[in-house]
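Residue numbering begins at 1 within each chain, and the chains themselves are lettered A, B and C in the order written.
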Amino acid sequence: MWLDPQVIQSVPSLLDGWMLTVELTLLGAAGSLACGHLALAMQLTRIAPLRWLARLYISFMRGTPSLVQLFMVFFALPLIGLGGRPMLAAALTLGLNSGAYTAEILRGNMRVVTRGQIEAATALGMAPWLITLRIALPQMLKASLPALVNEFTILLKTTPLASVVAVTELVYAGQMVIARIYTSTQIMLLVSVGYLAVVLPVIWLGRRLRQRASSTMRGT
Amino acid sequence: MKLNAAPAIRARDIVKSFGAQRILDGVSLDVARGEVICILGPSGSGKSTLLRCLNWLSPPDAGEVWIGDERVGMRNASVPRPEREIRAQRSRIGMVFQSFNLWPHMSVLENVMEGLLSVKRMTRLDASDVAVEALRRVGLSGKHTAMPGSLSGGQQQRVGIARTLAMAPEVILFDEPTSALDPELVGEVLAVMRGLADTQTTMIVVTHEIGFARDVADRIVFMDGGKIVEMGLPAQIIDHPSSARLRQFLHRFTPHGSHS
Amino acid sequence: MTFDLAVLTAYVPALLHGFVDTIWLCVLSGALACALGIALTVGQRRGSRLLVVLIDGYVALTLALPLLVLLYVTFYVLPDFGLMLPASVVGVLTLAIYYAPYVAQVIQAAIDAVPAGTIEAGVAIGMSPLAIGRRIVAPQALPLLLPTLTGLMIGLFKDSALLSVISVHELMFTAKGVVSDTYAPLEVYFAVALVYWATTATLNHATRQWERRLALAHDVALER
């Protein structure tokens, strides 16, 4: 093994960083689902300003670099008394950013729920919120699964952004170690492996999900 | 034959337009409890629209609908009912759709149970019992865990009927229930409907199955151009149509009165 | 705390300069990414087993790694091996290397979408593979390719902001400088966001117009 002993000693701090990366990803994914559903619901209301707001949100999040978004959130938080929380800024940015893409994914899969299915539910006397909960959402989410897995993989790959505001996720943890022991190549290699170890299986999983989705469709 | 009681469902002077098109032009109809009405007519005559007006799925522009002694959709001529009440009324009117409209992510049993759980707020146990019985009545006892996608068209439509039956509605509206089926599957659905008619279920059936109408209906209604043109006993309507339009319509079908 | 965009007026020239730098960087790395993407496609279709394996490995690596990690890897690791390149070169190269696999994917998908029958017709007439590529595949694949490719380039444009973390002189890096001068981070980053937004919105709009025009041409061609 050609790893310096110092490098091996720093593996625990890298693992801590890795845990934070996972935490950021999960928080971001939760935020993404929340924002995505909200943005979609807003686009479907009869209230025009809400629709415009949603479209504006989606256009802005998809049309600007996430780095700029992070800085805006980071410097805006102190204004509402939540300053000095880089982790919050990072998680919030990731959730908001990914939420725009999630909203579009969900919207694209709305057509899985046919008008007839909704009519049948209405004719039975089901209330709209129940129809959304029991009939529309389960089918939409199921159809969206491959695209959502893909989106959350991208989310995971966006978490290094947090290192820019000194959140000690994997990349920042790596930088801290490099600042101490100067073995850049090996540390960066470990950092890379850390990401590969998570992303490669998820990509593989996504591919299997997609294959299964297309084969069940052939069945009907 | 018909008891002297309040009609199960009543329509009075129903008018409905879609944009500039007037689809229903003053339709009135009384259906007694236990009566089976078949509505015939060319496409565009407003038959399906009439059904959708009856359960307020597509509220009419003018006119009244009554279920029992309760007015559907409106408190009075100018005040609509709140959505909650309309939904409660809808749960008393059953509807079977041409394209079945089953929910593909739920099993057969779950499809039939859904209304009981969501609308009638039954416990899972009670809902399950009712659903099982409904499925037995349509001959699908072995298919509880099957998914709609694995069923034939005829089976899917029978599930649709079971879903409605489970709600124990006061009247069932059938919107061309066999029109989307392959010919060899039509029979099993008509057989189920015949069975329902035999048990005094109030039914309004929009259909092209003239033979079924002749055999099973208590009355046949012929609609054209948004109006009821003729109405009467099946034998009379089919064998001795009095209006030219009805004669023209029936000519499209084979001399034996049903098209293949 | 007030939100006062006027503090930026003195820095508009600097920010404009940064924007031009960004455009320049993106054009360069975009062109490089496309060239590399074409090379990857050719390599995967016609290369030896070894080449295909190498390319697959490279593609898997870049698809799985975050761009920022790739940037840091090239930034920290290359000097270790004696390669001292200016930051902008590192930036352009890394962007190109990162986007090339995506470009290759898009090219592959477009080529695969060309109806097999049209290629068979070319073979039946006796056309050479090169001629088939030039006269049959490329003209049909191009309209399918260009809209998605533009989408990728828009992504590249947004990702160029990350180059600021390795001190490449572009819009974001300039913005950071302005922030340290004016202590007005919200105004500066808001203005910068608007610039990015306006650019991507324009590019998106242009792409949609382009797609529409291509679809019309396609339909017209079919009618004949």
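One rule holds for everything that comes next: contacts are C-beta pairs under 8 Å (C-beta built on N, C-alpha and C of every residue); 3 or more make two chains touch, one makes a residue touch a chain.
Everything quoted here is computed from the prediction, not taken from an experiment.
Chemist: If each protein chain is taken as a node and each touching pair as an edge, is the resulting graph a line, ring, star, complete or other?
Modeler: Graph shape, chains as nodes and touching pairs as edges: a line.
Chemist: Please indicate the chain closest to the centre of the assembly, with centres calculated from CA atoms only.
Modeler: Centroid comparison flags A as closest.
Chemist: Using mean Cα positions as chain centres, tell me which chain lies farthest from chain B.
Modeler: C
Chemist: Would you kindly tell me how far, in whole Å, the mean C-alpha position of chain C lies from that of chain A?
Modeler: Taking the mean C-alpha position of each chain, the two centres sit 22 Å apart.
Chemist: How big is the gap, in whole Å, between where the Cα atoms of chain A centre and where those of chain B centre?
Modeler: Inter-chain centre distance comes to 47 Å.
Chemist: Roughly how far is chain B from chain C, going centre to centre by Cα mean, in whole Å?
Modeler: 58
Chemist: Looking at the complex, which residues from chain A come into contact with chain B?
Modeler: Chain A residues touching chain B: 114, 116-117, 119-127, 130, 134-135, 138-139, 142, 219-220.
Chemist: Any idea which chain B residues touch chain A in the complex?
Modeler: So the residues of chain B in touch with chain A come to 55, 57, 83-84, 87-91, 93-95, 97, 99-105, 114-115, 118-119, 149, 160, 163-164, 167.
Chemist: Spell out the part of chain A that touches chain C in their complex, as residue ranges.
Modeler: Counting only chain A, the residues touching chain C are 59-60, 62-69, 71-72, 75-76, 79, 156-161, 163-164, 171, 174-175, 178, 184-185, 188, 191-192, 195-196, 199-200, 203.
Chemist: For a test of understanding, state which residues of chain C touch chain A in their complex under the given definition.
Modeler: Residues 1, 60-61, 63-69, 72-73, 76-77, 79-81, 158-162, 164-165, 172, 185-186, 189-190, 192-193, 196-197, 200-201, 204.
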